[in-house]
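Next come two complexes built around chain A: one with chain B, the other with chain C.
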Partner chain A sequence: MEIKESIRNYIKSELVNNKDHRELSDSDQLIESGVIDSLGMMKLIGFLEDNHSVQIDDMELVPENFSSIDAIASLVEKKMA
Partner chain B sequence: MSYVLQQLLITSAEKYPEKDAVIFGDDKITYAELHDKTNRLASFMTQNGVDRGDRVGIFLNKSVESIICIFSILKANAVYVPLDPVAPAARISYIIDNCQIKCLLTSSAKSKTLPDILSKTAVETIIVTDNRHEVAEGIDKKPILWEEVLAARYAGVPEIRNISSDLAYILYTSGSTGTPKGVMISHLNAFTFVNWVVDYLKVDENDIFSNHAPLHFDLSILDIFCCMKVGGTLCPVPETLSMFPIRLSTWIQDNRISVWYSVPSILSMMVLHGQPDQKDFSSLRMIIFAGEVFPVKYLRQLMTLIPGKQYINLYGPTETNVITYYRVPPIPPDQTKPIPIGKCCENMEVFAVTKEGKIVTEAGEEGELLARGTCVARGYWGAEDRTGKVFVPNTFQKNFDEKIYKTGDLVALNEDGDYVYIGRVDHMIKSRGYRIEIGEIEAALYTHPSVSEVAVIAIPDDLITNRIKAVITLKAGHFLEATDVRMYCSEKIPKYMVPEIVEFRQSLPKTSTGKVDKPALMRDSVT
Partner chain C sequence: MQPWENPEIDAMKGKYHQLALDYFSGDFTERDKTGDFSLQRWKKAAEIGLLSMMMPASLGGMEVPVTHVVAAFEGFGEGCRDGGFVYALGNQLCGIQLTIKQFADEALKEKYLPELMNGNRLAAYGFTEETSGSDAYSMQTTATEEGDNYRINGRKCYITNAPYADSAIVFAKTSAARSPFSLTAFLVDMNNEGASHGREFEKIGLRTVRMGELVFDNVLVPKSNILGGKGGGLRVLAESTGWERAVLISSALGPMNRGLKACIERAKTRNQFDKPIGAYQQISSKIADMVMRQRLSRQVIYDLASKLSSGKSMHTCAQDAAIAKLFVSDNFIRFEMDAMQIFGVRGYLLESFINRDLRDSLSFNIWSGTSETLRNTIAKLEGLPV
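Take a look at the complex of A and B:
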């Protein structure tokens, strides 16, 4: 499965709690909108590390890398390259 | 001196007019400015019908304005009711109705997240802390803009008409019967705690206080009112920063925080991902935590990574603010048992009572912790029956004709005379420091038309104390997915209460008496 699709599916099935966010686009804000909160962030990192075999470094755990599905996918792609 | 909380600001504004009272990012306000703006807003509210003892809601994110609102409401001799800025509209609506909020302080952006409830509730006046006219569609009440408020004329400091036994604020916490309950805190209740903190921790005007907890969470009381009492500087922590530990530790460094106070899970995340040993924490004097048990392994690591600081564990339910404290000594490497909650603060008394009704006096004995004194809240707003169950006559000690508070927390005494937390006598749990009644989550789930039976369980977790799992059976012919369940819940209950894990089953295991066998569900979930 394409990386972005897998991340999108995970966020939509596991993290989205609000029906306003059901139609999330890849560029939508995840943090300001509250789709990802602190618990969601922990779950998401666990998912990325388990399913995409990447290790997220402390310094990479910053808003810029998690602001949207696009941003998360590009972080994972960069790390896998 | 008046024992009312607005007096703290009035006194500090006289002593330190030019000092920064609040700093939030690029936004800051001095004591003189804070005093002036709160005088204006308080006078404006009074002129617009806010009377002594009226409840005024605050529905705002962290900001300088949110602190202005708190002190303005107090100066108007009214009661502030902080509303969780991310709570579902249904819960906000319940609280507004429950304590009859007539005046709401919010922002135009936040007001848009309350579709039509502002029209349906008793709210008469909406004041927005910005100058944008647009509010939620369908609201016929025109909001009053900040510039209008700040231009209001006022004649001196609003007269202090409230007294120490009047309510200062109401904090809503999870309720086991499906609706939240409003804990009524008087000025004297808050003062008892604030004065103890200032004396015991010796904080002063040079301190820079973090404000990590949201305003509807009682940890914020220490931050805000102890800071104002000593004339320190308050730095509210932006809400999303907690997700990014490395940014949070940089924030603590850059803001030269000297008094940090939060739930332990935030500090555990800092240990794991925040690299605090790489930061300059020379300004930091003390790290205070409360709200849940701090896992010893993370606390020990934290004390190693940030050495030479005071570490203080505070304990107390919202109904008493804080009642015990424990100054953490160096933790031996082989210690696994949790640190105690400690001994009672000044001007209050706690004692534990065994199942047989005997006061615990011996090390090793267990009992439910009870609290007496001016720390004990007035009860729950508009809920005499709920109040009567836990605010009870003191039948345990002779000579004291008073109401004491049953915490529902099981404790034991240790050899040092410290209390040690053991667990709950009921179904309340903690997650990330939040109090959660399992019954409130189950009640929310039972309102779903497809749900037949529900059991919510708490799965112990090292980092956040508990993760919430719902096990559900559906009515015949109905189909639901986990996402549907979570979305449904998040319209009813706050996000921190929404089950993280949802499992569907054909039936729930039952005990011989026909009750849901939660221990069996726990065993299935943990293994």
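Take a look at the complex of A and C:
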């Protein structure tokens, strides 16, 4: 499965609690809209590390890397390169 | 047989049980009454290695598996009847030292960890505030960027070891946004200008470790003292509370082990109406419940410790850690309530360790996430919109 698709599926199935967010686009703002909160952030990191074999460094935990599905996919792709 | 049921782990538990009996035994009634914290005993605990576990060998630490640390705290807690002291040791090891090990740069590690390990420096974990606990976003303490420094203003409340802490990990808002990246963790020396220890709080349990405030009035802290990067505070918090929930929780096992032995002895030897009270089903049922609570608590704690020892990361074990803390805390309190009933008025006397352990146990449903918060966490990690 494509990286972005896998991340999108995970966020929609595990992190989206509000029905208004079910039709997320890849550029939608995840932090500002509250889709990713503190606990969601931890879940997402665990998912990325377990399923995409990457290690997210502490210094990479900045809003720019998690602001959207596009941004998260870009971070993972960069780390896998 | 469970993976953690092996002679090496038993030996670790036995070693620290014996060390506790050799150096930390005695009557704690007076110390419990006066709320006396002993720096001399703290240094002795450091000397026997309790603050060196899971610390980098390059700095003099002992890189032992998590199962062994849990075993050491179980054995030590069984031999040392001073629950406040055992809690304080675990609090510093899990909340402070492991956090510095994971999130500080090399220079900070070299400066702080050896002194924390040898007991010459004591530190506190400054997260909670008067109006902010589980709701981290409502935190009032702020850190404002000023060149190569941050200026911290705020007041931390109900902090373990605060009255005598030399240093503290302090969480502050570095952004007004309600975002997972709005908090930052700093390592702050309490002798910095503007830092002070504030008021102290009396508690009903864990009395031999003191609790108080940490006050920060325009305290200047270098950027190099940030732990986990700017905005990484919640990640730091999740890791450190994870370690507290997974390892510090093992401080419940010692009191349960010795409490169970004492209650069984009491049930066999205390006679009422010409037979031992253990012959009455109301008492034998309590003993059966206590055996179950003690045994299952051990299982939950060692099972998680085995996962962490095998290399699983804390954030992949976040739900397991919440479950362990919640399950053991609830069962510890119920265990101690049953012990009080079995001992009757004898347990109610201040001179009895039974009521001291009960008073200590009540804190377990509060520290590092209340049981209500942990239930929310567990449900939320199952995808519920809590």
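One rule holds in what follows: the second predicted complex is superposed on the first by the 81 of 81 C-alpha atoms of A that agree within 3 Å, B and C clash if a C-alpha of one lies under 4 Å from a C-alpha of the other, contacts with A are read in each partner's own complex, and residues count from 1 in each chain.
Criterion: a contact is a pair of C-beta atoms (placed from the backbone, for glycine too) under 8 Å apart; a residue touches a chain by one contact, two chains touch by 3 or more.
The model shown is predicted, which means the values in this text are computed figures rather than measured ones.
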Which superposed partner A:Lys12 touches (first chain B, second chain C, both, neither): first
Touched partner set for A:Ile31, first chain B, second chain C, both or neither: both
Touched partner set for A:Asp50, first chain B, second chain C, both or neither: second
Doubly contacted chain A residues - partners chain C and chain B: 13-14, 17-18, 31-32, 36-39, 41-43, 58-59, 61-63, 66
Chain B-touching residues of chain A, taken from the complex the two chains share: 12-14, 16-19, 22, 31-32, 34, 36-39, 41-43, 58-59, 61-63, 66
Residues of chain B defined as touching chain A within the complex: 86, 240, 242-247, 269, 273-275, 432, 463-464, 481-483, 486-487, 489-491, 495-496, 498, 500
Chain A residues within the chain C interface of the complex: 13-14, 17-18, 31-32, 36-43, 45-46, 49-50, 58-59, 61-63, 66
Residues on chain C engaged by chain A in the complex (per definition of touch): 103, 136, 179-181, 228-232, 234-235, 238, 313, 315-316, 318, 377, 380-381, 383-385
